[in-house]
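Which chain is which? They are A, B, C and D, in the order written, and residues in each are numbered from 1.
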């Protein structure tokens, strides 16, 4: 079998599209963001990608099997750039799979003459963040200033250690091997759970960058739910501590 | 070498065959079921499959070596559909091997114009089950009703987490890449040992689905043996408990 | 690069050759045996085999690097069959490597029209064996009787669990995919160290099977050295026990 | 995608070039040495090598992404031999990757008709070395004498166990498959940290071997820094010991 198989649903004419990639990863921040745009902008399915670089399994939804995959969606806009968005059930599970899937994605995008790549991910800081920042990394210094104006933070030495996985590879191979410029937006996150609050910050930045409007109601709701949970956890931790102290008066 | 090699023994003309796959897995339920049908229906060997995706070893039976393999059998019937059954010594041992073996199996089946796929497996529930149910998952909702009438249980949220391995992949790739509909039958099992009791339930359901008769005597015998063993284990556990309680009067 | 590369030194005309394979493995019994024949029969180098399925390293002998490899030797005889012997620094390190190296070896042998395959290995019994037996497994029942007459033991249920690695695969693929008959000779060994005593028994059996004479002096010497060591270890263990008992009288 | 991709920047005419390879490894000795030469001799970039045998990641330098790679540099000299130097972010991460990257490097060098290969590495001795020696291993005994005259130590049985990774494979495949002679220079190092002191010794030897001059000021500075640190650690360890002894008088 071919190691990566594209199943194309449409072959739309797209206008100098911008590509946005958000696969499962730290805090699931990238995937939450892309799935939100796909839903809110009512994007259309462009292609499904099956691959032996993904886990050998099917999911079951309402007794119907779903072969695991990555999926591409598109949106024709009234602006200068149409959109292509990448989401999926998994990233490639091996080093080879990471390279091959990212490369094939770039090859696929070639025919649409993608003008810009934005990859999304989480930046794990190991603790709960009150106000997550969206950190940026670019393929060309010239991109820093315009993105900074939209709210992306470019901070010296942050993030350290690089970007692992598809968010890094699509960007790195995009510029080195396909000459497509790009940037990565990384939402700060504890890294302990799927983090809609961090995704919310990327959604706002990305909407500005893409010059599109997006209804934040649903992600606000999810963020509130998360905050309720973490608030409760915090109070429980605090209630526990005083109790122990007051035990003296017992 | 080719990574997967078919050794064909016959090239029969088959009438819109139904494919049934049961490789080693949870409780060995799928393999026990298929081996039982192959034996009872006196199926003929169609092909052996050797592959570097299987462990690098031979078994020794009566001092004669047996290169590990998967095997296909067929049965011409007087009904609407002939049968092709898949059994084997192992599933593919790697993610790549799982995909490649499942895909090549589907490619092989293509020339026989398989009309329906049934894959078999165990569904581990982590404890001994008095009356194992046969849970189902399908590639198309329309298949639920007719299969439910034959005794397959379609229960919301069961099984959770999907189907891992060949039972899932043959089904998932069968529908997505080869347009062959199918279903998976999963027998509840503790998951602790090879489970003929669970296989017995699948055998009965599958016989109904395939509109064939099958003598249950031998599997009943194996099930009874298993029940004797588990009954003894239960009594030993109970005998132990009272003793401890009565120790008080000692 | 090609995953397996043969460097041929000669292209001799060989008369219906017998192939004998002994790569590193349990007790190193197979490799010790083949290396002994190569040395004593003054065999000539036929080919070196380099491969990415072997560890990525060179050995250093007297400051000169030696790229790890497997090696084939041949011997023209005055009898009915010439010989081809396989030895090497390593077996393939992965499942894929095991299959590919064994298959390519068989392909290479094809042009020499090999008439019989003997693979050699150790059979680990987990304790020191006074008188190691040479157990056999064959590709065809008809081979049992003539080999038994030469001293190979065919015992029911021994060895159990099959043969893992090249000794099994060359035999299994040899018969299934190349129609070359063969047998495996397994010398009983503790499995704890390189075991010349077990190899000595295979050497004697193999010499009979190949109808050749071989000087046993050097392997006898190595066996004696091993026996001296194990004898000392035994005495030390025995001396220790009495001492402890006698401590009472101290 | 191709598993290894060369991005060539120039196609210079080179005069019977000498190849020097130093990738990350024990004590990072090889890479420190090559990077020092590339910097001090103001070498020009020949090619970048991207590969799925390298980790799937980008580094971030000043907010700009850098796809991980290996890199080749060259230097035209006034002497008999021009130079090609190999450095990189990583060695291949798998056995297959080690072989493939080393082989492709040798294939690439073929067109430049490389006359000699020197690979560099660390030789871990497990403790801090006052005066690190540079041990040698060669592809041909004839190379020992001329290299010994330049300060390379050829000592019986050292290093033991061979050379693992690209330093060994480039040498071993270079001689066996490309008929290019070569040697490996191994600087003694503790193996606990990046070791400029060990690299310094190789730099001096290599400069002699290449008949080139190289300014040692910067590596001397780094060596002094390292010595300061290890000196402090030693004194702290000594200060601790006397204190414990003097505790008696407390």
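The working rule: a contact is a pair of C-beta atoms (placed from the backbone, for glycine too) under 8 Å apart; a residue touches a chain by one contact, two chains touch by 3 or more.
It should be emphasised that the depicted structure is a prediction, and the values quoted were computed from it without experimental measurement.
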Most widely separated chain from subunit A, with each centre as the mean of CA atoms: C
When subunit B is superposed on subunit C by its C-alpha atoms, the rotation angle in degrees, nearest 5: 90
Distance between the centres, which are taken as Cα means, of subunit D and subunit A, whole angstrom: 39
Whole-Å separation of chain centres (CA-atom averages), subunit B against subunit D: 55
Residues of subunit D touching at least two other chains: none
Set of all touching chain pairs, with the criterion as stated earlier: A-B, A-D, B-C, C-D
Residues on subunit A engaged by subunit D in the complex (per definition of touch): 92, 95-96, 98-100, 102-104, 107, 136-141, 144, 154-156, 159-166, 168-169, 171-173, 175-177, 184
Touching residues (chain side subunit D, partner subunit A) in the complex: 1, 3, 5, 7, 48, 50-53, 55-60, 62-68, 93-94
